[in-house]
């Protein structure tokens, strides 16, 4: 409970709230698009680099189990999401698959916020977790996009979408950063550490200010998307999160690590997935998938989800 | 005298001079607009955050006196400015009120430069001063915009301008930063400190480079605006500055604190005020108010004013 | 050999390679233009500032020799380059002079990479080297642009091009930074040090990512420009580099310093020179000079050239 | 096609105005410029804004009058019109 | 002159398309906008893209059909045409 | 309306030129593009610039000639013209 509340007072969460407020009072505050893009590039490269450096210190065997579990969850989560949406939510195939693709992938900012949260709480999550983000980013989207194929045709656009995801800037920066960090190792990394580590949390504050403003824009759509999607955007992540904690701890993750793992598995992508879905499933309504992943699940995870996963992880792992 | 000269050799002042030179030799140097905006956002958020953290450590009673004096000066300064312009300067109502609005408000960069100056001179200004900036930013503009009403009509545009100021990005970032800093407190602030404190002075160097370039563009208008406005732009700030030192020290500010206070009270806004005045008083000539606040008072304060206020503050306070 | 290989694993070189890869796999990764410009401004100002601070600590006599050698090489290198291109390469006058202008000037990033390299190898290059960059940037371009005059007319555009170089943003930032650093001195510089020194290497990583992407775009032109230019882009820099090491050490530079000096003298400009050449010699083909300096010499120097110069410098100086 | 180039500060106002007058959509972009009157109120904001809206003749004329009446005297603004053929144009008028 | 304003995601696709149909060149710029249908798929990317290409009548019509068939139903897109006189126009058609 | 799309480096020059020829104002914007000749001199600067100026027929023709003579051969440049109706047009010619 304590830890749940203390999360509210972190600069990161407060900046997110400030962004929402700024939009609600119709402020003319605007984060210039190039700044937003620059911070994106910086954050992705930074977590890649740090992850790569840590990976270079991790014994391969220790990393194998969590990696396998990640692939498994990348396949399972879009399918559960699809089934819930299609059979319970009565969404059509395109929309169900489109939303599912988002929940199969991962929100990097949620991941980062979870790292910041557990570190502030004194935990030390495994250093190779960013590698898992990179692993998780891809299969979920592809699995979800394959679903409509089981029902119909249009192979070509799936291929295009897969290409889009694999060569997308998030993957290039994340995987590229991992490789650079891995090859450089801790000593050579020192020279760039003040930039990529020292400035990280601060840059995140500005990023979340912008995310708050974008989220506020989506909140208006909340009514339109209906109560089912609202429930979906809260409870399916909790379900996926608990599954991730349980499997993650079996695979050897610490309590801190499994909390972060839960945050990433439960989160919905809103950068890589929308681009891919827009191209592969043009008939899926962006209002639905963006509002779900960005307007519902993202704020839920940032504010309540992560502390909840932490409590559950302590409870399962303790 | 010593301290007066030493100010010339600070990187911040020199960057300002470099900006002016760059424009004079017609260099193609250009600070990209998004960079300029990004540094603005960063600086405002940073002083808000630091101010908020300090405020969380300040006893409420200690802060009350300076806050009251700030509101008082926010009401007085636009009125003195208006009276001087209208009766002595023979400007018309719109122009007098438009310029007065700028001098009622505050130049955040002048404030920051003053902080840097007194800290370099070994002083420790009160931590809650950024709160006073936020308090001072608003009333002065509104008071000045109300003046033409005493003479005429057009209520609607005043309302719009007030909204504009209150929801303007400077206020949102400054006040938002204050609240985040206050709620976070010193411990949670640590994670973002390298970004928001360590990088601050350096970012300011680039910002002042740009300000120098913009100021140089205004210098060409100096001849057009006439000798009266030039005198106004130097002596009214000195007057306001001394008033601020005197009242500030009565309210309990230290020598360092009252120097910074004088800098902010005497300064003319060139971000919030122009936007509001342009909308509320379209007949006021932007050349006059921008040249006065940006082309005259800003460089005067940065280069000579702040050291003068420091000497006066020591003299009054010593 | 050891040092040659270790250079491959530096984050800076790896980021350059990542940029090339990103383009080859047709990733949609894009460094926003304002970010690229901002980092340019930052890097130039930062090396200027650091150079100026160091210069303020250097006895004038120590600096005189290297400065004289720099001017000398600024005159020699474009002439050797021109002669090779015109007589051996059979390029026409405009193209020979256009390419020569690039090799007379200097690539700031190559300079920075060389500093980073020798520092990582434990060397301490002279602090005044950035001053030499500023000195070298100009004469080479002008000498090269004067060459076609010996053959023909069009004085006016040369004048324009000279103005262009002298007031160009790189020179303003570099020289401006030098002067600011010199006047501020080490004590006043401290406040801006975390920004301009701490963040330097990290910012460079992002910059080289972009340079890699631009270079990849030029690689496609490699076939078109022919084998002669490829040879030229590798062996003329080696020639110039060895000349620079030899003369530099005579003028008193250390082994580390003469390595960096070789890197700058051998490098080809791709910021100041193209702008000047485009205006003064419109008939020179940009594909030739940009591919040579950016597509051939730059990657060669970054990856192989610098380690080679280091070995040669040790060998000559040891 | 009605095109309006003006100071950034007026963007919000003008967009509201043209929507009220019946424009179904608009496109904006950041531009710079210099004009005959040289009013410079936006050093910091740096740039003008260009607003383009495809409307029918009637709405177009209303917009022109609105801009001329409300902004022409005090603000930097230029407005011009040209004919375009819109694919599936019915959607937009 | 054919002008297409659409979602950023489609830029690559459309440029390829118009080149295949015979456009000799194009100019793109970043714009913002709002339309009648209000499809918003690009919160993050923030902006639309404007593609302008000068082509002869024939190619122009092919481009219009291509856009209408392939993108009109599912994407935010507007296309319009107007006549321009190009200096040394032969180069471009 | 005369529109010129060209390399960034030429912006200052061309603006001076058209002002001398009698243009009372202009609007510029940053654009990207690709053309038939594919001269690429501005990797780093990244973009082209679009210059739009509303002028009378006479000045327009002078500008066209000026651009064609001075820049057409060696630089990436395209120029086109179309008619626009300007509100309170007298101010601009």
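Letters A, B, C, D, E and F mark the chains in the order given here, with residues in each chain numbered from 1 onward.
In this section, a contact is a pair of C-beta atoms (placed from the backbone, for glycine too) under 8 Å apart; a residue touches a chain by one contact, two chains touch by 3 or more.
Quick caveat, the model's predicted, so the values are computed rather than measured.
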item: Target subunit D, source subunit C, minimum contact steps; value: 2
item: Where subunit C and subunit F overlap in contact partners, by chain label; value: none
item: Pair exhibiting more inter-chain C-beta contacts, D-E or A-B; value: A-B
item: Farthest chain relative to subunit F (centres taken as mean CA coordinates); value: A
item: Distance between the centres, which are taken as Cα means, of subunit C and subunit B, whole angstrom; value: 41
item: Distance between chain centroids, defined by C-alpha means - subunit B, subunit D (Å); value: 34
item: Set of subunit D residues in contact with two or more other chains; value: 29, 82
item: Subunit C residues counted as touching two or more neighbouring chains; value: 28, 32-34, 38, 194, 198-199
item: Touching pairs among all chains present in the structure; value: A-B, A-C, A-E, B-C, B-D, C-F, D-E, D-F, E-F
item: Subunit F contact footprint on subunit C (complex, rising order); value: 33, 36, 214, 217-218, 270-271, 274-275, 278-279, 282-283, 286-287, 290, 294
item: Residues of subunit E that touch subunit F when the two form their complex; value: 1, 24-29, 54, 82-88, 91-92
item: Footprint of subunit E on subunit F - complex, ascending; value: 3, 5, 29-36, 48, 50, 64, 67-68, 72, 78-82
item: Of subunit B, residues touching subunit A in the complex; value: 32-34, 37-38, 41-42, 45, 49, 164, 167-169, 172-173, 176, 179-181, 183-185, 188-189, 191-196, 198-199
item: Residue ranges of subunit F touching subunit C (in the complex, touch as defined); value: 7, 9, 39-44, 46-47, 74-75
